[in-house]
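Once you've had a glance at the structure underneath, I'll fire off some questions.
Just so it is clear, A, B and C label the chains in written order, and each chain counts residues from 1 on its own.
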Amino acid sequence: MSRRSQGRPVLGEVAGGLVLAFLVMPIFAVVPASMNDASFIKIPPAVYSFRWYGQFFHDPSWISALANSVEVAVLATVFSVAIGTSAALGIERLPPATRSLAVGLVLSPLIVPVIMISISLYYVTRTIGLYGTAAGLALSHALLCLPFVVLNVGVSLKRLDPNLVRAAEGLGAGPWRVFRTVTFPAILPGLAGGATFAFVTSFDEVVISIFIAGYGAKTLPVKLWEQIRFEFTPVAAVASTVILALTMVLFVLARRAAARNAATAAAEDA
Amino acid sequence: MTMSAGMHGVSFRQVSKSYGAVRALRPLDLEIEPGEFLTLLGPSGSGKTTLLNIAAGFLDPDGGQVVIGSRDVTALPPRARNVGMVFQNYALFPHLDVFENVAYGLRVRRVADAELRARVDTALGLVQLGDFGARAINQLSGGQQQRVALARAMVIEPDLLLMDEPLGALDRQLRKHVQLEIRRLHNEKPRTTIYVTHDQEEALVMSDRVAIMRDGRIEQIGTPHELYDRPRNAYSASFLGESNLLPVHIDEVRDDRASFTVDGPEALRSQSQGDDLPGPGPALLLARPEAVRPAADGEPGLEAVVEETVYLGELVATRLRMSTGQTVWMRRMNAPPHEVGARIRITWDPAKARLLPEKKPS
Amino acid sequence: MILAGTASPPPAAARSQRAARAVMTAALLLPATLFLAGWFLWPLGQLLVLSLSSPEGPTAAYRALAESEVFRSVFVNTLLLAVVVTVICTLLAYPAAWLLTRVRGFWFSVALYCVLLPFWISILVRTFSWMLLLERNGPVNNLLMAVGATHQPLRLLFNQFSVHVGMVHVLLPYAILPIYASMLKVDRRLLLASDGLGASSRTTFLRVFLPLTMPGVMAGAAFVFLLALGFFITPALLGGPQNLTAAMLIDSFVNERLVWPMAAAASFILLLMVLAVLLLTSRFVAIGSVMVMK
């Protein structure tokens, strides 16, 4: 690299650093907030304590919300991975013009304002009896999860050398065997990445959930939303920290897997 | 596992293929003998890879038939054809080790474990990778990967072995070595093979017969020797071996003998003997560099200026500029070199020269 | 084409192989197609019908929205808010993306994590964090008082300011990624060439680097604008009663005033705005590529 960056660019880099700090640091404000001993939030806490964690984990309404969140996220992930992988395989076989149309359709739930999706689903789920059910919520979340699965699997599929499929076919393998022994191992990293992000997307989702979770499938974000609209309690900070911790773990796992993949890909290219 | 594995003839009958307006293959007929090593030689876009992919079943022809042995395989998917394929980029399964790559086709065929192990070991031994079974693919060099691909294609005892520029990714040194290796394997156990390349040297070294392709058709087919000695036109001549093509005018053709005049100030007259001579009119005289020699004293010849001499061991190659401005190469064994700038007169050995039609007869 | 007569028609078996392939492709696409049709397009269609079914006549809901000063101002405010947030995000994203191109190894990983992590963290949690930070007795006010910038706590929450801060924070990563991608594409030799021609680093930046990265800036801005238009959670929690956005208006039509046709009509107006932006910026925005980077 050139040594030209003496004057102004340094300023740019400092500004960039400050922006990144602004991006990340505030996220963690809920963590000290959750450790207050008092029954109101003070940052930093006057006295540190984990008593509100005890409160959280012993309150059946919080725990059932957490359980609902996990159940819905698992259902949404399994469903979107199944149909999304199938769709990505199908899209790869389409002629280019039709392909971009199909990708556009899959992505469109991310373009349409989520409030609009929410009220439309609120409207129809009540008429077909899926309002307030884990299944209804999981299907709704799957709308937002599907694009990530399709895109991630699609990227892996594009990287798959078509000659590998041909080689397997030439050696006598039928379509299912080719999928099992060649295609699936190749798309597994993309599938895992898509599935992880799908899980987090569902686990974090608020807007659709507010409208259609009802009492029957109230998730952690919905309960949190109801709480903080009226008061800031340390328990809400605990719930936030729980959500934060779970997604952080998944984030780190996903980044590690991605880095490992990049390393193997580089080794194969060499 | 029949005795006849790999000993099937292959017929392409009126096989054609177009991509939109592009005619990749014009209706084409080709017969390959059982156990023959046939090379499709041609530039990219000449249709050779299309023909290979049709043979493998990766492409459907627009029309015509592909017959392997006595089986019409035109409508069969690749998996039902029992054809072995070696790809230019090897296409080894990156998540399987060397052994499992080679075993893949046998596992598909549900070969029992003991037999599978024995056959994979034999195949790996044949390509001199006996100890490499447990290696990961990305631990192998290009040449080793190439040999694994070869073993994987051969271990299934294919009726037909297809190779798509398999040496393209190797460096020159290694390429020569693997060429001989492939030829050795073929000699030890002949199996019907179609080999695609754009490298004339590969074609000459390995093939029983070579089909020179251009614009979706076979321009000429024959043994390397036939093609070198008796090219049918300038295209075949220049694709296989080095060639000097002098514009001439054929004055008269009588039986198997033609009289012609070389274009240029000298208007040198000569005769040529052959079986498929072009008719009277403009034509080309093919004289390979080794057919060109300095004219003896008093012998008629063409004026030329020596522009460059290149020593190739015992061979001396000389680049000459004719009075017409054309460049001609001369290659002589153990000959005293000419000085650059020297003016000499050259002629050619009539027995090694050949008259060709001026343009392709299309 | 003259030779067409010589080629026999495709063999029936090859034709049926092609048909089998088409059937397979259709079968693979079928589940997702059915799902999107039934769970996305159909509900939106129902909503469209609903928007046209006011007791006062098919277009009554749309007319009511267009004629009311209050509703019009909500949409104008939503647009203005999106513009301001987009401008701020773009200005902040540029140096952040620049930093990503300047650091290597460990610090690059740290910087990249800073950009990618927010995509994974719940918007609700991030918004809640800002509520805690900007509170009357929160750390920001404490800090301002400690350094003597103010003597009494400022009102930082439930107003335009907090909405801007929260939305910029949530949407910033969407601007950084496209700008970073466009910076990676810039050929470093062009910068050296400009230096070599005697240009100051300021000139090199303004005349060479900035123009070359403009497509990324446009893509990032378009993306942020698109998402800002439909934002709900963050303005709902951080804004005051006066900071109504289109999404909040739709929510109140459904949950407070129970006027479904109005909610549906407002949704379609919002969707039209989004689609208009998408159409105008489709040159720049490859949404798929940003989504994959997460």
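Assume contacts are C-beta pairs under 8 Å (C-beta built on N, C-alpha and C of every residue); 3 or more make two chains touch, one makes a residue touch a chain.
None of the values given here were measured: they were computed from a predicted structure.
If you draw each protein chain as a dot and join the dots that touch, every dot ends up joined to every other dot. By number of C-beta pairs in contact, A-C leads when A-C and A-B are compared. For this pair, chain A with chain B, the centres built from the Cα atoms lie 55 Å apart.
For the pair chain A and chain C, the distance between C-alpha centroids works out to 16 Å. Chain contacts: chain B has residues 77 touching two or more partner chains. Looking at chain C, one finds that none of its residues touch two or more other chains.
Listing the residues of chain C that touch chain A in their complex gives 21, 24-29, 31-33, 35-36, 39-40, 42-44, 46-47, 50, 92-93, 95-100, 102, 111, 113-118, 120-126, 128-133, 135, 137-139, 169, 172-173, 188, 191-192, 195, 201-202, 204-205, 226, 229-230, 232-233, 237, 247, 250-251, 254, 260, 263-264, 267-268, 270-271, 274-275, 278, 287-288, 291-292, 294. Contact residues of chain A toward chain B in the complex are 161, 163-164, 166-174, 177, 181-182, 185-186, 264, 267-268, 270.
By the touch criterion given at the top, residues 3, 6-14, 16-18 of chain C touch chain B in their complex.
Residues 1-2, 4-9, 12-13, 15-17, 19-24, 26-30, 33, 41-44, 82-84, 86-87, 89-91, 93-94, 102-103, 105-117, 119-124, 139-140, 142-143, 146-148, 150-152, 155, 175, 197, 200, 203-204, 206-207, 211, 221, 224-225, 228-229, 232, 236-237, 240, 243-244, 247-248, 250-251, 255 of chain A are the ones touching chain C in the complex.
Interface residues of chain B facing chain A in the complex, by the touch rule stated above, are 56-58, 77-85, 87, 89, 91-95, 104-105, 108-109, 138, 152-153, 156.
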